[in-house]
Structures are given as C-alpha cells and as structure tokens.
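I've put the structures underneath this note.
There are two complexes below, and they share chain A, which is joined by chain B in the first and by chain C in the second.
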Partner chain A sequence: MTEEKNQKYQITIGIECHVQLNTKTKLFSEVDNDARGKEPNSCVSPVDYALPGMLPRLNGEAVKTAIRAGAAMRAKINPMSRFDRKHYFYPDSPKGYQITQFYHPIIGEGSIILPSGKKIRIEHAHLEGDAGKLSHFDTYSLVDLNRVDTPLLEIVSMPDISSAEEARDYCKELWRSMIYANVTNGDLYNGNMRFDVNISLKKPEDKKLGTRAEIKNLNSFRSIERAVLYEYERQSKILDSGEKVVQETRGWSDATGKTTSQRSKEEAQDYRYMPEPDLPPLNLAKDFIDAEYSKCPKLPNDYRTEFKDIIPSDTLEILLDYPELVKVLSEINVANKPIGYISNLFASVLLAEENQSLLNDQLPTSAQLTELAEMKEKKELSSTSAKEVFVKLFEPKHASKSPRELAKELNLIQENDTGALEKIVDDVLANPATKKAQEDYKAGQEKVLGFLVGQVMKESKGKANPGAVSEILKNKLK
Partner chain B sequence: MEITDKDINHLADLSNTSLSSEEKEALKQDLGNILKYIGKLDELNTDGVEPTYQVFEMENVWRNDEIAAQDANREELLNLTKEEIENQIKVPKVL
Partner chain C sequence: MKIADSSTSAVSLVESSLKRIEETKDYNIFTYVDKNRALKKAKEIDEKIKRGETVGRLAGVPFALKANFLSKGRPADASAKILTEFISPIDSTTTEKLEAEGAICVGCVNLDAFAHGSSTENSYYGPTSNAFDKTRVAGGSSGGSAVAVALGCVEFATGSDTGGSIRQPAAFNGVFGIKPTYGTISRYGVVAMASSLDVIGFFTKAAEDLDILMSITAGQDPKDQTTLPDFYGKNDTPLNKKKIGFIKEFMESSALNPEIKASLESKLNEAKENGYEIVELSMPTLEYALAAYYIIQPAEVASNLSRYDGVRYGFRSSNVKSLDDLFANTRDEGFMRENKRRIMIGNFVLSSGFYDAYFLKAAKVRTLIIDEFNKAFESVDAILSPVSPNLAFKIGEKTSDPVLMYLEDVMSVPVNLAGIPAVAFPTGKSKDGLPLGLQLLGPRRSDKNLIKLAGKLA
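After this line comes the complex of A and B, so read on.
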C-alpha cells in the first residue's frame, strides 16, 4: 500500500472471529469436544446430526467460559440471552440450521486495546455451534461431523480497524486475550480461532462506507495482513476504473497470495432466523456473572503497564505470546528482583529456533529464576554458564533442582574465594613462563593483563571469576 | 400474501432442491393456504406484547460438562447414509 494510494482511498475493516471454546463436551450434547487425533465421526451424538426427537441440552460450562472470554474483552455481559435457529442448506450441518444467538447475544459491548494503544471496539459476541468438516475431492466431498456443535464464541468487532497492520495486531491481541483467559486451546493451525475480515474502501470525503467484501476463514496473522493488502489493491483498481465492488464472500489462498470470489452473500432474511424452541433462555444472576468474570487473569495490556520501563517493549512483545512465562516474570517482579536480566534470557531463548521446543516443557519457577539471576549478579556464574543452567532448568530431569545444585553438578560455579584465587594467581606469577609478560605490564603494556588473566583462568579450569582475577593481578603487579 | 413463482424458486434454491412445474404449482397452493391460515393472527393487536420464545417459562436450564455414552454409535450414523468412504459420509461435490 503506497502512501499515494493510501490517501486516495480510506480502508475500513471489521473482523468477525470464531473461537472454539475448550470445554470437555460439546455445546448441546454430552460427547467429547476434543477430537484431536480421533477417528472421523467418532465424537458424534445423535443430537449433533438431529435424529428426529433429539433435543439439545446446553453445556453450562460453555456459558461460564463465554463470560470469562467476555471479561478478557472488558465486555458487558448480558444477563438475558437466548438461542435462535439460522437456517441454511449445506452438508456440514445435518440439522439444516445452526443454533446461534442472533437477537440476544450473551456478550455486549467491549474492547481490545492494541499494543499501539488504539482501542478497537467489540460490538457483541455470541455463542453458537460449529459446523462439521468437509474435505473436497474431484467429484465428491466427505463429511466428518466431529466438529459439529463444538462451542464457538463469535466475536464481532466494530469497523474501527484502518490498516493491514492494525488488522493483524487486532487478531493477535484477541488471540492473546483468549489464551490468557484460557477459554480456548488457541491452536490457530488447527482452526481453534478463525477470522472473517470485512474490507471496504471509500474516498476520504465520502461519508458512507463503501461496499464490502468478506474474506472468510483466515487462520494466521500473516495471511490476515496479506489478504487485506491484496483486497486494498483489488478494490482500488475496481474503483479507479469507475466500477462497483460486489458485496460477496471471498476466499484467500496463501499459495497464490490472492482472494477469489466464493459466493454472493445470502441476504440476512434468507437465513430465516427463528427462536430455538428447545432451549430455554438464560437469565443470569449478577453473582453468577461476577464470579466467572473475576476469574479472568491479568491480560497482555496489564503486563504492558506493569513492565513499562522495566522490560524493553520489543522484548516484551515477544514474551507476551506466552502467558505462563509472563506470569512467572510477574511473580519475580513483585519481589523486586532482576527482571531485566531474566526477561532477556527468555527472549534470547525464544528467538533461537533450536530452543523453541523448550517452552513445551515446564517453565522454571520464579524461585529458580531469582536464584539464577542472583548467582549471575554475584558473579558466581559467568554469562555463558548462567545461560547454560537456564536452558537445562527446562529439562524434566533437572526441573526440580535449584540453580545452585545444578550449577555445582555441571561444575560451572566461578571461583570467587579471594584467598583461593590469590593462591592460583601467586602460582601463575611464580611460573617463569609469565616473567616476560609481568615485566611488559609493569613497563606500561596494559593489554598483557589479558594474557595473565587467561593463564589464571586456565589454571582454575575456567572456574575463576575473570573480573576478580584481574583485580588481584593489578594489585600484585603495582 | 400471494406466493409467486419467484418465491418458490427462491425457496427451492435455498434448500438446494429442484422441483417439477407440477410440484411448484402444488407448493404454491399449499404455502399460500398455510400463510392465509396463519394470517388469521394478524387480526390480533399485539402492540406491547413480548414475542413468545417458549411457553414453559423455564430459564437457565443447563447440564454439567461431563462426557456420557451415546445411544447411537458411528456405525449407526453411517448406516443412515447413502455412501461412505473411510468412515466419512460421501456427498455430491459442494464447493
């Protein structure tokens, strides 16, 4: 998007996000909601495929989870909400309709704050059942109903987003908020969160928004950003030539980097919404709502405030993708411990590709990390050794050890005992091989000190603290 | 309200079904009659009356989040389908 074009058309973006909630069972039936690694059509209840006479029964945990998700968007929870049927014909939905909350959603207005500080308003969010999964082949499609009626929270933003970068930031921040609140597994690759991006262009002087196209089912932050950039180009070309953008649903291909038309959007009334007669409405007590709402933990933006001026923001933005990690850092921060050093250790580990898998293991505790930082500060560990101990602390076999225990085991503790160091220094100075160096130093060649320190380090088998050695040498060679 | 050919074609489209002209004519009659019957309700003044969602006046009915055995298993589901491939339901190509 060039500057010039940016001025010609303003881009307006609103995003709908489907979040799969991590409840044990489905939204309306008592079957396993976690179909990962399971056979097709093995996690299915007759309720899911609407055998005659089957009745949906609402999962109370999904209601509670939705409230916690609402809290993560600082949203108003509507005490009264209801379910409706949205009719459409497609093989991914044997019922012939989706149960959703069209008229009275459970979550009202809220907001997501981007790292830039910009606030994106949430219009509402509602509970609904997911559809089945279709796989397409040359002449037929296959249907797997495992995903039918997995609880979804559809989160609808206001059209407050005005660039590809903001669209990406919004989706990422929403994802973070949901994983902090622990309402979803948050695995984007497996579709736990899917984004529909509505994009329209208008001239700056136009009051009315332009006709929008909806890009369906994006599931990576990168593809969201790319799809918006592509749509900007496509729609501005249409408008440049004096034609009209068609309101339609489009699909994105990562491989071609293009969006293509899928179908013209059915008119809203075509869904023939009607109240779901089999599910009584919700009328939630304030105490019930408050109890769930208060379970929402600190969010990324709370940590931004907490770590302001303590952890550089580019380092913090890397760490914020890992809620458990940030929680540990926060525990250390309370005790006024060297948080900067520890956050750098994490950042450097996270940035090194080969270490990424470490985060699948148990994180070191705040007590371990504090001790490690203190050992480093007291120069009991060199920078290199401290990092080695840090990485080892992630390994299950070392996880229960204290850093001191582990450092001793690995023979990494630096020799700081002045008496013991002086003895080694004396031995080195008594060695005729260092005589010339000593004379050169005394004659003013200060860089020779490095050689002498090296000899002492060698003698101590690397365990001496080079800073301390250097001081002792300087004193003795005065 | 009269049901037109356009209405019938539109409803058939939404249901992804094709109808013969005889069927269309019959449905036009039937749906027209149903609407006329329901239209009786238009005679009532419903100003200020809350829409009825359900007639039992129940609310907050939900179950615990526990997995339970189901009455029908996958084999029974697949038995209801016309054709299957590797435990999935085969349908005409839809995209």
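After this line comes the complex of A and C, so read on.
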C-alpha cells in the first residue's frame, strides 16, 4: 500500500469534510450555538424548530468565519454566493430541507499542503446548516434539535489523494488548519469535524477512474486510515474476481474494522434542489473579504518554516497538534530567545500521558517560560527541579508567580557557590561514617564517589549542583 | 375608519363588530372569534383614553386576521387540517405592529387551506360565501378577509397575495385591497405559501385606510431578510407622467367578461377626461405568466409544506406503524386535495432531470416579465387592468376542474412574478348586482402614490 509501484491498483481518494463552526449563535437564528452540556432541545429557536411562517436569517459571523476558513485553505472567496434547499424527510430535519449552497458556494478553489509537501486541491467549500440528533431505543426514538442549523462548512477536496497515509495526513492537516484559523472547536470525538471519504481503484494503465464507494462519517484520523486500507482490500478483491464495484454509501465500524453497505446509488434520494427564496444572494464587497481574509492567523506550514532548523521535525509535528504551545514558542522565538529547551519540555513533560490534564489549564506565559529556560541554562535549576517548576506553573495558585519566585518558594535553587560547597564537602569528609568510603576510593574504587556525592547532596538538602560537588570531591581525595 | 376617542369608545366599536360577526355567521367568515380578549383590550384602551394617554393610530379599531397569520395565543391553522390545534406562541411582525397601534383583533378568518385557491372552497372549514350572493364564492384565497370587510364585521382585514389572493376577493366583494411591492411588509410569522411571490397586504373600504395601514406595517424587518429598506412614504417613486396604460392582450382576451371589459373602458375614459393620456401597451410575454407561475409557485409550495410532518406540532395521523407511515399518513390525511396537487407538481418540476426544463425555464420567463413591466413603466405611471376575467362564480362551479380554477389567476399572477405593487378597487355593480373591480399596477416602490391614484380613479 505504501509502495505504490508494487500495487496492482492505483487508489484515488477525494474527501468531503463537514466542519462545525464555533460561532456564538446558529447559522439562521439567534440562539446559542454551543449546546455542550445543555438539556436536549434547549437551544432551539422557533426558526430552528420550523414553526409555520418562520424565516432564516443569515448569521454574519458565520460568513466571516467561513472566509477565515477559506483563507486557511488559501482559497478564492466568491463575491456572490447563495443558498439552496436540499429536501428530504427525516425527524432530524425540522424544515424538511437543509439550507445549503448547492449552485453557488461561498468558497472556491484552494489547497492544503501536506507535511510531505504534496498539494491537495480544494474544489470548493460551502455553508450549510447541520441536522438534529436522533437517539434510537427499542420501541421509540428521541429527537434532539439542539444541533439543528449549527453552521457547517463542507470542504470538498479534489481526488488528489492517493494512499491511506495521505488521506490521514490530509484530514489531519485540514483539522489543524481549521483550528489554527479558529474556525472550529475541532473536537473530533464530539463530531466537530466529520469526514466522508470517496475511494476508487483503477489499474495504473487505465485512464478513467474506477467506480467509487463513499465511506460516511469518519471522525478519527486512525479510522480514516484503517477504512481506506480496508476498502483497498475489499475493492481489489472485487476487481480481481472480474466483478464491478457498486457505487454506494458505506459505513465504517471501528469495532469490526470493516465497512458495510448503507445505500446504493439506485436508492439514492432525489433532493429536489431549489434556490432558497427566503434569503437574498450573499454579495460580499472586496474590502469585506480582504479584511476577514487577513484575520487568518499563522498556519501549521508557517510554523514549519519558522521552526525549520530549531525544532526537530518529528517533535514539531507532535507539537503542531497544539496551537497554543506552538504560538507561545513562536512568541519566544520572535523575541530572539532560545526555544529548544522549552519545546523539549512541551514534548517530553507536558504531552506525557500523566500530564495531559495540564493542557486544560492556563499555559505559562512566554516570559515565565523564557525565565525558566534561562535558570536551567545557568544551572540555577537542576533538570528535575526545572521540570517541577514547569509543572507547578500550571497550578492556578502559582500561575502568576515568576519561576524564580516559585523555585525559591519550593527551595529548588541550586547551590553553585564553590566556597559554600567546599565547606559542606569538608563537613562530610570529616564525618567518620564516610571514612571507609574515602579509603575505598583512594584504593581505586571510583564508583564509591557516587555515594560521597550523595552524602553531600543530602547535607545540602538537594540544592548542591552534583557536577560541581563531584569535581570538589575528586580534588580533595587526590 | 372609525377610531376610538373620547366620543366613541373602543368597547362600543368592538361590541358592534362582534354583533355583526354573529349576524353574518352563515357566510362562514370567521374560523375563530376572540371575543373576551378583544373586549378586554378595548376596555384597556378606553381607560387609557380616559387618562389622556396615547393610544395609537388604530385605537380600538376591530380587525380580522387571515388565519395564516401567527398571533400569540391564537390558532394559526391556515384553514388546514394539518395545522389544527396549533396555537401560535409568537406574533407575526404585522400582527405585532397593528396591535401596538391599538388595533383590536376580533378573530381569524377563512381562507383556502394554505392559501391554495381562488375561491376559499379549499378550506378545511368549507367555503365562505360572497358578500353579495350567498350562492357565489368569496374569491380567494383571502375570501374570509374580503367578506368580513365587505359585510362590515371589521374595519380592515389582513391578507396575503401570492397570485391574486388579495386582489381577486377584493374585486369579488367590492372592497379595496393592496398587494404591495415584494418585500415591503415583513412575511415573518405568516404561514408561507410561495416565498418568492408572497406579500402581505390589506382589505379596507377606503383607499386612505390602506395608506394608514401601509404606513404602520411597511418597513425593513431583521426577521425577514427579503424586506426592502424602508421606502414607504418617502415618495421616491412619483407617478407624474399623467399617463395610464392598459394591456392590449388582456383587453382583447375572449375570456374577459364583457361587463368587466366595459368597466375598464369606462374607467379609462374617465381618466382621459381627467387629463390622463391613455396608452395601449402590448405585453406579449404575459401569455406565459400563468404557466411560469404554476411551476414556480408549486415548487416553493412543495418545499414550504415539507415542515408539516407530524413530528413536532399540529395534526398527526393515528394510523402509524413506522416512520414512513408517520410522514405519509399525516400528510395524506392532513392536506387538502389541492395542497397535494401542488406538492405533486412542485416535486415533479424540481426533480432531478426536470429542473432545467421546468423550474429554470420558468425563472427565465419571470425575468422576461420583469423586463416587460420595467419597459412599460418607462412610458406610463400605472396600468389599469382587470383583476380576473370573471365575476364571482357559483360555489362548486369550478371545483372539479383545477385548470379552469387556475385560469382565474391569469390577470393577477404577472404582478406577483414581477414583484410590483397593485391596488384592487371597486368600480360598481354588474347587472346581476355583483361587484365589479379593477386593479391598478405600478412600478416597484410606488405603493403610496399608487394607492392615492387608485383612490382618485375609484
């Protein structure tokens, strides 16, 4: 699969991604768009509920957010777009149609550049309202309309993706771009971004693409990769046996690791698209577009360039999943301070399994982090102590302290003063309990030095710099 | 309009309205009478008058709501079974504005279910009778509104006009009716029929009253993004050419009732005597207006009626074993025959493979019609036209032939397709004593001046 040339079939993948926008209110009404932790059907206006005579009113913030998303894909923003109705009956769709942009989308051609450098073209992206949620029980189903008309941006890629890894990388890079552009909360587990993956196979010599299957509603990068691998196997078996792949919608199960048929093309619905007569065309002035476009912050690729020779790329790729971390590193970097140590702290301490919960707390400021790095550099803090100060800085009660203040409070500042250290060493050597060790060392047992260093550390209550102590000891025991 | 003041109490105005409603019960005008609430509000207004407080421009004026207007705490069933038991939790913008000026809603009046029809015979509550002949139709779809005003039950009534639903019943019952420029009055809270054609308007006994109602209800509404920026009363579209046109193709139509034709000719002569130049206009595209209308309108109807699925409110079939049953049986039992016909046509013209041939083609015809009107209004101030080719017909006369019924709309729908304003006004009686009426068509945004001109011609 990874070695394309060894494959019997070439795989062609196009991906549609639904991004829930993090606007304050819904796409067509003024109720709260953030239903997290709220009662079912408590974020529903008469418009969302589709009472008779209710009319949609387009949320300007959603339009601005969409433009920012377009900027994150380096895409063209169409000065004229409009809305259409897509009809289907289902209890999750109160109006009996979804308001979408079928004929004239707001975002035109753009692209996403993968970490590998490969460019995946974006065909278009359009605004539309989300559907509600159904919960099915034995003899009944419940409808929750909180999610109805949450603004969605559907991003449609060109079929430029040609492997499972690329599919995963594309989705991940798109997810990161949307988060950096502050377009979505990006919570994949709760469906903030959902991916539909279209997959077809063809022989390398064939000009025409094969028949595709669409795997609906994937919401983790791992499931995207696994689903593509599974589909490759499934479709190639069909083609090997001389049969034809059926154009259909398939669902993925993480549990079974398989895709299963949901609906074939013949059963596909006729959505009877129609221009939305309740919303006038959306005409955007160039100044308006430019103003919003320029609000798109730095994207992952900008940071890759910025940190190219500073942070190893495998570390950086991990850090890029956390925009806050990358932003603070950039702040420090821009101020011409070193970030090597801090990026290591992030990758090795903060992102370690046991510390992940810290990510929910306020991140230390660039000033705090810079001071911490300097203290470590000057050996005022041992590497263990620096980590301890770093972790403690996340605690609300310590958050406003400088690392020096905190280190003093915790009694962690390392003793580097040779005079003071020599006195402690002398005390330790004068102690009869160390006599035997001193003799052993002089007799050539060098590893005993560690014991003596430990005694000095103990005496200094951990504040002595062990390197310095060992030098002094070596001199005195010559 | 009689307005409550220190000499006429609001209570007396409402009481006489309620009395008249009772007397005209057998015309089947009102689907809901809100007696207690109306009297309570009248008392409040009278007390305010006593205390010398301001009471609004329509203080104590009893009015009727076409039953497709939402008003808080009142049923808003659009005379459709599928919306029975639906009590509105909110006010339409128009209801709110009228009540804020002291107008008192005495009840809701009959219409063709979901405003689908030209006779009020398609109502779940049965037909409303014509004000001048109980065996004849009220016209439609706002039949209840027109008859309520004609018989003096109320001073004015609200209406909605998608293809003639205000103007034709106004003409059939000898009252004034306005179909404003598209987007003048908010559609928020009015059960949608065909969104790109629907407008809100009024029935009154005098042209000046239309002007008062328009000045109160016109204006941009953030809840309806198709409303135009405020223009009513700004007089930016003067009608000062002193030229009135008539449409040759309508005048020469063999379908046109001779008495209506004679009335049109005599009004044109009157205008001429009053110094207007009369201009014959040829508008050949209007021949395709009805066909285009009966594609665009059912398409939007089918879409707008999708929300009535039995899941959230209104009628729900009790014969339900599956989700499909819930949708299909609720809609089968809840919609009238005419509703279903329009849903079928609408879904057909929107279906994949037919969209370009029907809906898109009709949209192009619509653009041509707009152009043709624009051109006409370069040479005339307004166009005088029949509202419909016929006088009020017998109840049951056209119910078996939908195409015959649709032809009723042939002279009214071009106005909706073009989005221009039109005022229907009474011009006398036929030899059988039935009202005659005409409509005056003007350029977009000329509503105020058009009402004035119609008042002069009437």
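Observations, loosely collected:
The rule is short, and it goes like this: the second predicted complex is superposed on the first by the 421 of 478 C-alpha atoms of A that agree within 3 Å, B and C clash if a C-alpha of one lies under 4 Å from a C-alpha of the other, contacts with A are read in each partner's own complex, and residues count from 1 in each chain.
Keep this in mind: a contact is a pair of C-beta atoms (placed from the backbone, for glycine too) under 8 Å apart; a residue touches a chain by one contact, two chains touch by 3 or more.
Only a predicted model underlies this, so the values are computations on that prediction, with no experimental measurement involved.
Touched residues of chain A were counted for both chain B and chain C, and B has more of them. Using the contact criterion defined above for the overlaid structures, shared-chain residue A:Pro52 touches chain C, although it does not reach chain B. When the two structures are aligned on the shared chain, A:Ser400 is found in touch with neither chain B nor chain C.
Residue contacts after overlaying the shared chain place A:Asn431 against neither chain B nor chain C.
Shared-chain residue A:Tyr273: touches chain C; no touch with chain B.
Look at A:Arg85: by the touch rule set out above, it reaches chain C but stays clear of chain B. Judged by the touch definition given at the top, the superposed model places A:Val31 against chain B, while chain C stays out of reach.
Once the two complexes are laid over each other on the shared chain, residue contacts for A:Val143 go to chain B and to chain C alike. Within the superposed three-chain model, A:Lys95 lies in touch with chain C and out of touch with chain B [touch as defined at top].
Overlap of the chain B and chain C contact sets on chain A: residues 46, 49, 51, 57-58, 87, 89, 91, 143, 270, 277, 279-280.
Interface of chain C with chain A (complex): residues 68-70, 76, 78, 83, 86, 88-90, 92, 187-192, 194-196, 222-226, 299-300, 302-303, 305-307, 309, 311-313, 323, 327, 347, 350-352, 355, 359. Every residue of chain A that touches chain C in the complex is listed here, in rising order: 46, 49-58, 85, 87, 89, 91, 94-97, 143, 270-274, 277-280. Residue ranges on chain B touching chain A, taken from their complex, read 14-16, 51, 53-54, 56, 58-68, 70-72, 74, 77-78, 85-95.
Residues of chain A touching chain B in their complex: 23-25, 29-32, 39-42, 44-46, 49, 51, 57-63, 82, 87-91, 134-145, 266, 270, 275, 277, 279-284.
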